[in-house]
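For reference, the structures are reproduced in the following blocks.
Both of the next two complexes hold chain A, though its partner changes from chain B to chain C.
Right after this comes the complex of A and B.
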């Protein structure tokens, strides 16, 4: 294992310390229990939008705390859900009197920890609602699985939901916007290489030099199938087609096209993927009205990408374009 | 002869033994979880039970329900993952059932484990055969109830429940996971023991080794 770290057990804390110091103008960090909150939280009369999950997906979620996006984020250990005490304290710290929305990626651990936090919070008089993100078409959604995983769409949901909260909409409306994003968005990812969790010390799985894994999650979980490596154009088609078929996205739909890097893939390659994804979208006569390219939800140093499509209407476009000022996402101001 | 009761000292010894056993099996649990999950179960459980033991030494004046509640709250805030809330719920539900008791009878212990099991089912919405920790716990509860009906010794009943937990754990190997991270693997989850069933067996085995000895 070759990593820019000190001790494996200090990775999450030391990274958070650096993050706190680097972005002190936008956020503040609480360490016991660990959460990141907007510098100006609580914002009076605004729904507090709180998310969280395992670390290792940076800039998700802490990088998206700030005006126009999240009010707080709870970082867990690497690839492991944070705990209810973090979520409870974060929720209390950003409660501006209009209620709290928890945005939860659909993993058993995250779900149960957020559920306990909501029970504890309600017992203390907080108003808490939740919305789940489960956009990964690689997982069959059935009674026999934990359901689809929350992946790339999470970033878009946090941006749009945060903008809705910034418009001072009610908790019910903000939650419904988030659910609408979830029902209109789909993703699929692939890996060229595995990744190494520092305290484990070796790669999560073996992926030989000439193979790739299609349908990967964001924790190095295995995907749908393992195939010999192919060209960027062929790989892009393997991701785009199942995503388009799933909703399905239909001719004339207005969409946002998001090509995400998994952490170890250069931006130049993501644009090669974007170029082909756009051409496939056009082939299906989708109107790509917004695009988003970069490594925004990652899996440590894994090489690979994911593609997310989100159907848009005027409201979602306005909320996507609305100003945002966070450590990792900033526009409109 | 009345059945042997379980006093506070025994509960302290049990919790300490749980921590020792989890620590000794940290790599084993991690390896099981790496095969069908994300490889964090041993590390998460070890962190949690180490914290439980720290609280034990600070809480000399706690009674049995307080010890159980403290263990539950500590696990919830230190373990994370799926097993944090599940094991936290296990101890919190058990604590509620023994409220006000200075000593536990075998019947109390059975009621506690049963409440713990129901709590885990309510939290995780899993049922028997889903390849989870429940597959070790449910047969252990059943074995205790059967043993109690035949007026066994407390030690004997606990030993039978540990045996049943072990059999339940082993029986998870061929199963296809339907809950938690392992369910993403579908058919590929068969052929591996469930890590949560393995840790549950360790806790129940520790109970058999400590609760009925003075």
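Right after this comes the complex of A and C.
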């Protein structure tokens, strides 16, 4: 296992300590229980947007805490859900009096724990709503989910929902924007290599030198099929076509095209995938109005990529373009 | 070889095509000869800041083209210098009448070609100066250099020099700021794994499962020594101490601390390294006033990291903090 770590059991805490020190101008970190909050939280009169999930997907979610995106994020252990008390304490810490929205990737553990946190919070007088992200078209039901998995769309949902909250919209409106993003977005991913969870110490699965896994999740869980490695253009088509057919996206749709790296894939390769994804989108007469390329939701050091399409209207475009100031995503300010 | 590519000989061009399409709001790409320029270049009355080098280090250099940083970047083949005609045409394209500064990483090919481009440019009436980056304390002379290699400091130099040019300083002043950054900055890197150049098809070097290379360059060229893998804290000390001793940095110095990923290392691990690097810096009573953590100068999919220290004064801090708007680095605007 080749990793820049000390003891496996200290990875999440030590990484969070470094994160806290590096970004003290934007965020503050609570360690017991662990959550990251906007430095200026709670923001009076603003819906508090809270997400979280297993660690190992950095910069998701902690990297997206800050003005215009998340008010708080709860990091779990690697690839496993944070606990209800993390979510509860994070929610209380960012409650500005306008309610709290939980953005939940659709994994059984996350769902269960966020639900329990919401119940506990309501018992303490918090107003809490939730929105689920389940954009992965690769599989229905999976190793860790009932229904589809939440993957790349999560980043877009956190950005757009956070911008809606920043406009001081009501909890109901903010939740509905997030649900709209989820209903208009679809993703699919693939892996060239596996990844190793530090406290397990060996790769999550074996992937021979000449094979790839199409339809992979973000925890190394199985996808649709295993195939001999093909060209970037062929791989891109294998991801784009199911995504486009699923909603379906139709000629004339305005879309955001997001090519995401899984952690171990060079940025230069993501642009090769983007190039072909754009060409396929144009072939379907989709209007790609916004582009997003980089490693924004990862699986440790896994090599591979995912593609996300999000249908856009004027409101979603305005919210996507709105200023954001977080450790991992920053523009307009 | 597990890569998201089509034909090996098309990697640089196809990646550049995707880059051009994804960031058309910020940059424009010329393909014959290949260079990336600010969309609004030439900027009248501003020194044009031009860099470039082998591809495979993305987002360096093309990702740093835009307001407040580079006016143009010339991508060579993977790990090999761009040609003089690329540098010449890029320089002409961004000449706003205040002269051109070439920022050159200290590799023999880059030096020779930038020198030739400068001669050709002067023959055509351009005013061209140059500044060299050679911050790597690991080795004197190397496989590809006379003298030290240019590594992580390049990113900081491009940011700060670009900001100085944006202030409409003279060519002489802009060049001197870049030289000051070079004289005040030091770096050292290490690798856990090798990387594979597409047209070569096999790893640049072998690194057994239990070994690491300390003092690695950014092309897989040999470093100082090969050792059994140690903890992140021990590795961080092996990089920080030689860096601190070299300038040397002294108690009370104000510094920027930059922990860089080599491409295949998860962001979470970089924060573990940052955490210990900060602790060591504090142990030497350095005042870490700015922090920078991420994969900003890479070696394809190599796992590993580098650490850069840059001594700061009020001017360098103001230039570092100044607005920047490029595909890979953006803040304040």
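Structure notes:
Keep in mind that, in the parts below, the second predicted complex is superposed on the first by the 328 of 333 C-alpha atoms of A that agree within 3 Å, B and C clash if a C-alpha of one lies under 4 Å from a C-alpha of the other, contacts with A are read in each partner's own complex, and residues count from 1 in each chain.
Just so it is clear, a residue touches a chain if its C-beta (ideal position, glycine included) is under 8 Å from a C-beta of that chain, and two chains touch if they have at least 3 such contacts.
It should be emphasised that the depicted structure is a prediction, and the values quoted were computed from it without experimental measurement.
In the superposition on chain A, A:21 makes contact with chain C only, not with chain B. Shared-chain residue A:176: touches no atom of chain B or chain C. When the shared chain is aligned, no partner comes close enough to touch A:30: not chain B, not chain C. Which of chain B and chain C touches more residues of chain A: that partner is C. Comparing the two complexes, no residue of chain A contacts chain B in one case and chain C in the other. Residue ranges of chain B in contact with chain A, taken from their complex: 30, 34, 38-40, 43-44, 76-82, 84-86, 88, 123-124, 176, 178-181, 183-186, 188. Across the complex, chain A is touched by residues 2-6, 11-12, 14-19, 21-23, 55-56, 58-59, 63, 192-193, 209, 212, 229, 231-233, 235, 263-275, 278, 291, 293, 295, 298, 300-301, 303-305, 330-333 of chain C.
Residue ranges on chain A touching chain B, taken from their complex, read 33, 76-77, 79-85, 107-109, 112-113, 115-116, 139-140, 143-146, 149, 197, 199-200, 204, 217, 219-222.
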